[in-house]
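Once you scroll down, you'll see the structures, which are given as structure tokens.
Each of the next two complexes has chain A plus one other chain: chain B in the first, chain C in the second.
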Partner chain A sequence: MKKNSIIAALSSQGVLLALALLILFGWLRYDNFLGLFNISTVLRYNSMFALVALGMCFVIMTGGIDLSVGSTAALGSVVSALFSTQGMVVGTLVGVGAGLIVGILNGFLIVRLKILPFIATLATMLAANGTALLLAHDETVSVSYDGTFVNLGQGDFYNIPIPALIAVLAYAIGSVVLNFTSTGRSVLAIGGNEDASRMMGLPVNRVKFMVYVLSGGLSGLAGVILASQFGAGQPIEGVGWELFAIASVVVGGTLLTGGVGSVGATLAGVLLLGLIFNVLNFENGLGWISLSAYWQSVIRGLFLLFVVILQSRLTLRQKQA
Partner chain B sequence: MSDVATDTHKLAKSFDATQFLTKYSTVLALLALVIFNLIFTKHFISVQTLNVNLTQVATIVIVGVGMTLVIATGGIDLSVGSMMAISGAIAPLIFLGTAVHISEIHLSVAVAMIVAVTTAGAFGWFNGWLITHFRIQPIIATLVLFIAGRGIAQVSTNGNLQPFKLGEFQWIGLGRWLGVPVQVVIMIALVAIAAWVLRRSLFGRQILAIGGNEQAARLSGIPVARVKRWVYCISGLCSGIAGLVVIAINSSSDANLVGLGMELDAIAAVAVGGTLLSGGRATVTGTLVGALIIQLVRYTLLSNGVPDDVAKLVKAALIVLAVWLQRQSRA
Partner chain C sequence: MALEMVSETPQKSPILLSMQNINKAFAGIPALSSASLEVGFGEVHALIGQNGAGKSTMIKVLTGYVKSDTGAISFDGSPFEARSPQDAQRQGISTIYQEINLVPFRSITENICLGREQRRYGLLNWAAMHEEAQKLMARFNIKIDVRKPLYEFNTATQQMVAIARAIGFKAKLVIMDEPTSSLDEREVSVLFDVIRQLKHSGISVIFVSHKLDELYQVCDRVTIMRDGRTVKVGELQSISKIELVASMLGRDVVQVAKSATAFGKRSGKIGETVLVASNLSAGHKVQDVSFSVKSGEIVGLAGLLGAGRTESARLVFGADARRGGEMSLGGQSHHPRDPIEAIARGIGFSSEDRKVEGIIPDMSVAENLTLALMPQLTKVGIVDEQKQLVIVEKFIKRLGVKCNGPDQRIRELSGGNQQKVLLARWLAMNPKLVILDEPTRGIDVGAKAEIQLLIKELANDGLGVLMISSELEEVIEGSDRVFVLREGRSVAELSGKQITEAAVMAAMAHGETEQAL
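Take a look at the complex of A and B:
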């Protein structure tokens, strides 16, 4: 355990360092990189991924995986768009509620029926996608601009985008829960060794159930923000979100085997992967080179490769020492 | 993990009641579906229906063969769809003469196919190398190519659609051999070879031994790293072939779309087919049957007027049911 936490510390420092370097690079190289407009655009857009990645982080720390987050977000966006005439509160509640239902289903399949998380959430991914398309009649659902609903995604609070505030708040709560509550410690213990945790009398099933419900709820919330930000519930959005979230979590130094993890580093991982795209846009804007948007996935992939190789080197060295 | 180990052990004795039952139940489900359709679906019994359904599953099964072997070692390959896109992007670059110009068309097509499939195989080998050399978990190692691979395909074609009309190439997706679509012939051949390899060959036994208990396999002298690298390489090769079939059917190659979501379809087919997802027990014919069941359920629903969205829900339920039933039969 102690060795693992050293690795996690190193990796999480690494991601913070890389993030700082990338920001420094952007600040020195481009005008307006740290301008209010760019910062708020990046934060507003990536807050959705941040919320999804937070849930994923908790799931992965227990040694599980949640592939359904993308379709769950799409489902949340459709449901909240359908209820958007009722205002921000109702729209948010139904969207999050839809996500919670998927999460409960995941928890049930994994904890009760003992189906592998990978395959259980693969099935609910399909189911959420089908339900979203059914509810939306295979089209995007326009959001009502009359009420307060669009403020959630498009509004600002003292120049800070509201979605970003929500994400920061969620991460703060997540960090406190993980580090200072018995549930949080159980999450890590279960990921470290599930059988041992069970023998020690930890409520393994309850905690595992809870992380999937949490992940579902946060994905639903991300969907609400999606609908409110872009003015439409989008049943086919969210494809590949799960893998982006997993990549962010891994880049943040959380081990996929569970037992080790950091909420803050996950946020840094999300920002890092998001900023790569941003920097690419600025670079194209300079006109020196012209990298198509397709390069971003190549660069993200290479970055992920770099991080996992680094992690594995560190792990192997720790084992040999 | 102990139950997995005993599964391998039982398999080694080549016959086992539970395994027989599991296998029997998937085939039975397929039979039930066929009978249902014979009674309720109009025009079900026709060569056209058979060909439509077989053509639909062919690419999934071709990829599923590689995926079955990967899963048998206890791994997973998320990059299959991206490798299909890479293979699908490279082949037209060659036979259309964009990248290299070869005037003799048959030679050009042959080179295109070989280079495309080999490249996909090389990427698969790269997956295996990451997994064995750096001890990176398969799901993460193949996630790298899942993300980067489609980008590589898009970058190499600049994201452009590559349309073509070339009989010399498109026989792989549109041709017939003794009335049977060529991709179905390829599918059956691959299933037969892989089934034989898994059952009878040393390589197959080594794959199952690794999936059953990797530590024990290593201690008993099995070259674990080499076997794994080969398995991921095979998965890449299968994906490469499937990529060619898809672009041949579409008469165009679109790097944004070729193989999109294929990893999930293939994994679903493997899971429904009765291969143990934690490794150590695998059936390639099961994967074929699993893919057929999923396809036939969808066909049955669609041809009886059920919307596609509902069909997705049913597919989800089917996957859960199949995996849950397999758990029960093992308990």
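Take a look at the complex of A and C:
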């Protein structure tokens, strides 16, 4: 029993441990790794992924998947860029709104028409991608620098990047919802056993619908931050974001089959994968080696594989014990 | 605990399998302590014991699913060790699991030949494989198109395919883990014929079952396990049913002999009618079913597998759509669209399949108990954990759930304790009517008695209970009234002294309570 719980604790804390080790490594090896500039750059950039991964985390915990998040973010960035002249509030609302529409469509396809999440969100991924390209006329859409819109992505609040604040707030709310509300418990129950959840009268359809809407909305928000941070709506950005989000969720110990998961560990997963990039950049900066972005992807893939293998071995041991 | 040897005569047939002094501990807790098992050539050997007695661990050790800590196994005259179930299969030991482990969308031929396909010129020789499959199935007097996908056939046939596969792999020993639990009586008798055939062709069988009557029909000898030890071995014919139960429970015979179930005398008062269902129909399985339940009453729904009992009950709970008929609950028309509505009106439903429709395996006991209750436990959307804990502890105590605490994951509990948690789930909602579909299926004898007592107490407290059970004794001794279903129609209503084994069986078989002679 005791041994069992230690292994369980390790497998959920593994991501935190890895994150701590990586930070320690970076701090010892590179100057300025923990400098204000680097920290705020990493947080500012990765907060977009963090938002997308948060939605993905909820979707995966119900046993589903959302492949449309990347395209949705791209669509959100284009739409908000088009409305950026109207200021931050309007730009944000329309960007998030675009994401919500995709989410509602996903929820409808999956809950009402009972289409498999993989297929349904694959379809909306293509559709959102096409819509973004159509609206943007196949090029990036410049953002208006006259108003307040760019503050959202580029501004700071007491030296903390605003996107990071948004992400932290979203994760705090997400964590409370998952752990302390009946909706959150239903999310895990549905992923753990959907039939049983139905038979005990949990609002299965409503909750499943909600997680896709949430995922769409957060992706839209990530898109708004993207446009605001880089000064342009980017119809071809967002490619592969869904895989990054899935990877972060999995590294955080959430089971792809649903039913088991953690919001906090997902955030740690995002930071871990993001920091690997950051560390490789620093390593390039030292001048010993020079790895291209492609190599960085390879290394990140290998790392992901390593974590997943480690996890599956731990859960296997747990089951046998 | 000494080993009682009931049979005086030495082993007639030479030994095929011998497992001696097997020890296995999981995380320090012993699952097997010097357990032993011997099976002769061409012998059908029963392996019985309560849940947690060590039967499944014993089988897992044999088939290489887990490794024993110490112990010796010899098989067919030489030391035996399997590295995995596949390895055991190659060496001549095949296992037929309760949940059939085959590939539903592939043909019967493929299911039989997968892993040892016949080839010609390097390509698959389909003609030869179809012929082989056809031949194997014909041994069981089953003539079917082996090209059709497996899922088109019923459970019994699928099981035969699993057995045919084992024979195809030249099995010398076939292990059957509760093979009859999802078969109806006719299918069971077909299975038993097959087992006898295996025996005749020299193949040995280890037969694991909770149904004692069946053992006497096919088994030669029996090994009884308790607390990880082998407590009794002997010729089955020389051991009475009561003795079997007593050995499994570790109690004395007189105590057990009193009653087959724990229901006993009822004391509660039967009150107003809670539920009336008349002329229900839905799909093929429910044609014309009527029944009613009063408060404080246990109503049994009897019938063979496929008679439409579960399907009818699901209509009351709103889990399936009704085509025709009327229902009323507490005098008001009752046509729930989904379980949410039925629950809101005070109905609970405990499913026959705990794993599929009951538990959420990775969640805690506390959460499994209170998930359905969440709306009542939340204040401004936030779960009141204090209140939750009070409820959980109350029910753990009241129902005698054995667990390490409310936070233990429910998958780690025994079947009986899982069932208690599921019962508590509904009781916590304070319902008017609970539907219990096979409340004691797959639960060991001791826990079974506890659940039955509990059901009785609930009815005594004024709850209406609709109970579906495939165990005749349970229905007969437990019910105040019995409705018998046959092929989707209710054919008899029995109450009080009318409820006899003969009457219920006659209705199940012929549709009339008087047996036409």
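Here is the rule we use: the second predicted complex is superposed on the first by the 312 of 321 C-alpha atoms of A that agree within 3 Å, B and C clash if a C-alpha of one lies under 4 Å from a C-alpha of the other, contacts with A are read in each partner's own complex, and residues count from 1 in each chain.
The rule is short, and it goes like this: a residue touches a chain if its C-beta (ideal position, glycine included) is under 8 Å from a C-beta of that chain, and two chains touch if they have at least 3 such contacts.
The shown structure was predicted, so the numbers you read here are calculated from the model rather than taken from an experiment.
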| item | value |
| --- | --- |
| Touching partner for A:189 - first (chain B), second (chain C), both, neither | second |
| Touching partner for A:302 - first (chain B), second (chain C), both, neither | first |
| Touching partner for A:32 - first (chain B), second (chain C), both, neither | neither |
| Touched partner set for A:260, first chain B, second chain C, both or neither | second |
| Partner chain in contact with A:181 - chain B first, chain C second, else both or neither | second |
| Which superposed partner A:85 touches (first chain B, second chain C, both, neither) | neither |
| Comparing the two partners chain B and chain C, which touches a greater set of residues in chain A | B |
| Partner chain(s) touched by A:313 [first = chain B, second = chain C, both, neither] | first |
| Doubly contacted chain A residues - partners chain C and chain B | none |
| Residues of chain A defined as touching chain C within the complex | 1-4, 176, 180-183, 185-186, 188-189, 192-193, 195-203, 259-260, 320-321 |
| Of all residues in chain B, those that touch chain A in their complex | 76, 78, 130, 134-137, 139-141, 143-152, 154-155, 158-159, 261, 264, 267-268, 271, 277-278, 307-313, 315-317, 319-320, 323-324, 327 |
| Contact set on chain A toward chain B in their complex | 65, 109, 113-116, 118-120, 122-127, 129-131, 133-134, 138, 239, 243-244, 246-247, 250, 256-257, 292, 294-302, 304-305, 308-309, 312-313, 315-316 |
| Touching residues on chain C, where the partner in the complex is chain A | 26-29, 66, 317, 319, 338-340, 342-344, 349, 351, 356-363, 367, 371-372, 374-375, 377-378, 381-383, 385, 404, 425 |
